[in-house]
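Next up: the structures, one after another.
The same subunit A turns up in both complexes below, where it pairs with subunit B and then with subunit C.
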Partner chain A sequence: MKVKKRTPKIILTIIFIYLLLPIVATFLYSISTSWINTVLPEGLTFKWYAQLVFNPEFLNVVLRSLVLSIFTTILGLVIFVPVIFYMNIYNQKLKAKMRYITMLPFIIPGIILVTGLIQLYKDIPIPKIVILVMVLSVMSLPLVYQTLNNVFISKDFKSMFEQSQLLGYGPVKSFMFVIVPNIKTGLIVSTLLLFSAGLGDYVITNLFLGGNYITLKIYMYRLMAVNGNAGSVLTIIYFIMLSILSAILIRTTSKAKKG
Partner chain B sequence: MKMSLKNRFLLLFVLLICLVLIFPIGVMIISSFNSQDGSWGLMNYQELFTNHYYRNAIGHSLTLSLSASLFSEVIAILGAWSLTKMSSSVKESLVTIFNLASSFAGVPLAFSLIILLGNSGVLHVISKSLDINILGSINVYSWLGIVIAYSFFEIPLGILFLYPTFEEIDQGWKEASDTLGVSNCFFLKKVIYPVLVPGLVETLIILFANAMGTYETVFALTGNNITFISTIIGSLIGGEITSNIPLAGALSVVFGLVMIALVIMGNLLVRTKRITEGK
Partner chain C sequence: MSEFLKIENLNVTFGKETVIENLNLSIPENAITVFLGPSGSGKTTVLRSISGLNRNAQGKILLDGKDISELPVNKRNIGVIFQSYALFPNMSVFDNVAYGLKAQRIGKAEIKQSVEDMLKLVNMNEKANSFPDDLSGGQKQRVAIARSMIMKPKLLLLDEPLSALDAKIRVELREQIKEYQQKLGITMIFVTHDQAEAMAIADNVVVISDGKIQQQGAPWDIYTKPSNEFMATFIGDHNILSGSELKSLGINNLSLEQKYLIRPESITLNKLAESIADEVECNGQIISAVNYGNRIQYVIAKDTLRLKMEALNHTLPLKIGSQVKVFINKAKILQLN
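Coming up: the complex of A and B.
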């Protein structure tokens, strides 16, 4: 039995080290004073971190990314949650048809979608950033749909919703005060998925807005060419942000499974 | 009031989908039949299939995506199988890590790979100062480099997709078939194979489609220098001198059709598998 367990452990350790190698190298690079001709960095320092964090441009970049992520999240939640609820409870036919639509963003990569977006909106005087927020929320629809769908089939939300209305709440109140508290996990997961979609997009944001709205990833791409140290610091900061989001995500879903 | 509220949300939803998915794709398809000087016809498609440059790019995309997805799938199979042998707390933290790794794609991944493997990267510096060649002939900006780059998000993605399939395989099955005196070969063919194969095929298709759609990582690694379908679309719409949006549209349509064909094929394969299983 012991030998049987050793092989999987070795395999996973190798995969783990392989996957983390670039991050470890980037981290070491980000805290080294200079690393040109030696086995290990010549000295360790946090000055690249200080330099980047105190750069006003960096603050702007973070703010821009946050604005994009927050609006994407709000739009996605406000529209997707009630619609997926409605389809699950009252309109199964529509739900069957919607399945294909919700898969579309999975099949159509960003680089294709952006080709159409550029053409469609090149002469229409709507601020492109508004369209971008809409696009990013729809891009995370497949995962959000799946998450919420699983939540809505887990309990009898239909009678919950109807009983609440029999007891005197209106539909809006019933939804907000009876349904929403019961789908907290699904909402948290959806929020994280939408937020990550806003934070992690590069292709659509860069090509659709023509590089005029500099988010974290676009800034990172620009730093890559001019300043390796600052770029590695930014990569690490981005990695930490993703780690936090990912940890909350898994924590929430596993807690829900257990209890 | 109740009805109208529901309808209002549905209307918003449909409007949103139309504005950012249906209409742009529609406009793209229509304009792919339009040339830059305004005439209509199939010239963009003709150009794509007769011009070597584009034909090569389509070929490159297909072969690279196939190599990257096969390579990642093999490792993901090992990883997913190993994962099922772990205790549940180890499983949970590893799933978190794989989830994180699969989302660490694109610019940050390209950048860390350049730091790790690039011409003045960490491994290069170390091997130079030790006077041994750790890297061999690995070059991040090359074909092999791109397969490696893709593997950093495709391996974890593959593990996440395959892991539930492997969890389905019950230890008890083996014991049951041993009791019944079934040979190992029969066990693999009749018990493991029908459960595993649909999952493996489905995951391979997902990985392949994911590799085909990858633009950010290649672009950040090599600029638009390596010709893939995605990078050519990028340079055709990127507002450079070579910009030709209708041609990019045509290329996107071809690309989209390949993706849809893949998904349908995957669904069919998995479904026939499940139907025969049901019998």
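Coming up: the complex of A and C.
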């Protein structure tokens, strides 16, 4: 019996080490002078970090990624929050249809989507970056929809919204005073999901804008091919950024559950 | 004013389904009007049309002589109490009750005073700083009622406000609502499924079925003078017999084709005293007895006829199968049309 109880722990530890090892190796690589024919790095240095951080190209890349993420987030929230609100308060029948729509990003592969979009917008004078922002926010619809919809079905928002109007507030004020404070957790989680969608995308951005708009993720792949150490530095920085985002996500959601 | 609220030609359709057709209704001021009707009969739909929450409603609604049919929800000065309370979970009890006043230009001190008074009235002043999630169902509903009453609405609509509560709290809160109504002089419409609740709280009852008004009147009249067979069967327990069936019980000179209503309490069993002039007597056998605590309901068989009657539970219960003498008060037999 004792063995059985311990087995899951051992398995978990092995998986954890298995997952952690590449990150540790990458980190080591990012601070090593050279690490080619030896078991461990020959010497340790932070020069790769310094080199990368003081490289103006790097700052540009970070800026571009931020621009992409921020606009993806804003657009996603501006579109999805009102739609999901409307469906839950005014027209529940739309929800069945919406379920199919939210599946689409899973069904359509990125390449087909991008090819289609390029065809579609070939002759329309909209900057491609705008289209990219739209695509990225739509691609995160499934997760954002799930998150916000779960918040909306957790309470009787329809009655609350109606009650606020009965007490003398117009629809906009009712939304601000009664809906927003009660879906705060969902809004924070959606923001982070959209933000990381913008930050983390490689396939669509690369296919769509090719070399014209180098984001963090694209820069990382390119750097990796040229200079392994510098590539590792970027990977580690990226990993830390995502860890921070995830930590915030986990904290907000677990707080919401507690009360 | 007996036409404080006046509904003219209300029509409501959802898609192809017509739920309310040409409904006309007047409601008196400073009284509790109860809407009573089976599930799906359209009670909530009428209520939502009055408050403006139902955007499919067509027709004219006059409140205190003013046409409000075109006004948005937040300009009608009508309060609604939902079965689900709909308290704002992010606000304390105090802030919930103060919410509506904050939309008006009223000073902080004045708001505080009104809220405290109102919380005292509904006996929730000690919970002012609690949050809705920490309250019981009955407490939540009292806060919701306070939140609506503080607005001094011209009309307060309560849609099955007590249905989610247990029996004891229901009766308590029902009496309190009646008390608030009398204290503050608010005109109320109270929707319920529960006949006993309707009879207990109403000054005026409107029975609705299938989107139509079956009868309107004082609770006493609704019970004693049902306007048709639906009303007779919907309110209270009943025996419905044809004139020829009554003839076989020894009640003559009634029209044989007509239907008649006899309430269970118009029938008595095995009386010791002489029967009074208006009573007819016949023999029957008890075939079922259901004990409700304070009273027992018997079903008596006389040939193929079945009669329901009720007796107070202060004598030894009669056994199933026993032969009994049945007395029917002729004066209480009501012809249905």
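Everything below uses one rule, namely that the second predicted complex is superposed on the first by the 257 of 259 C-alpha atoms of A that agree within 3 Å, B and C clash if a C-alpha of one lies under 4 Å from a C-alpha of the other, contacts with A are read in each partner's own complex, and residues count from 1 in each chain.
The definition used in the following text is that contacts are C-beta pairs under 8 Å (C-beta built on N, C-alpha and C of every residue); 3 or more make two chains touch, one makes a residue touch a chain.
Every value quoted in this text rests on a predicted model; they were computed, and no experiment measured them.
Of the two partner chains, subunit B is the only one touched by A:Leu28; subunit C is not. When the shared chain is aligned, subunit B comes close enough to touch A:Gly110, but subunit C does not.
Legend: residue contacts after superposition of the two complexes on their common chain; A:Tyr169 is shown touching subunit C, with no touch to subunit B.
Touch counts on subunit A: comparing subunit C and subunit B, the chain ahead is B. When the shared chain is aligned, subunit C comes close enough to touch A:Lys155, but subunit B does not. Within the superposed three-chain model, A:Asn182 lies in touch with subunit C and out of touch with subunit B [touch as defined at top]. In the superposed model, A:Val226 lies in contact with neither subunit B nor subunit C.
No residue of subunit A touches both subunit B in one complex and subunit C in the other.
Residues 155-156, 159-160, 162-170, 173, 177-178, 181-182, 259 of subunit A are the ones touching subunit C in the complex.
Against subunit B, the residues of subunit A that register as touching in their complex are 4-5, 7-9, 11-12, 15-16, 18-19, 21-23, 25-26, 28-29, 35-39, 79-80, 82-83, 86, 90, 101, 103-105, 107-121, 131, 134-135, 137-138, 171-172, 196, 200, 202-203, 207, 210, 217, 220-221, 224, 228, 231-232, 235, 238-239, 242-243, 246-247, 249-250, 254.
Taken together, the subunit B residues at the contact with subunit A in this complex read 1-2, 5-6, 9-10, 12-13, 16-17, 19-21, 23-28, 31, 75, 78-79, 81-83, 85-86, 92, 94-101, 103-104, 106-116, 120-123, 125-126, 128-130, 152, 155-156, 159, 209, 212-216, 220, 230, 233-234, 237-239, 245, 248-249, 252, 255-256, 259-260, 263. On the subunit C side of its complex with subunit A, the touching residues are 51, 53, 72-74, 78-80, 82, 84, 86-90, 99-100, 103-104, 133, 147-148, 151.
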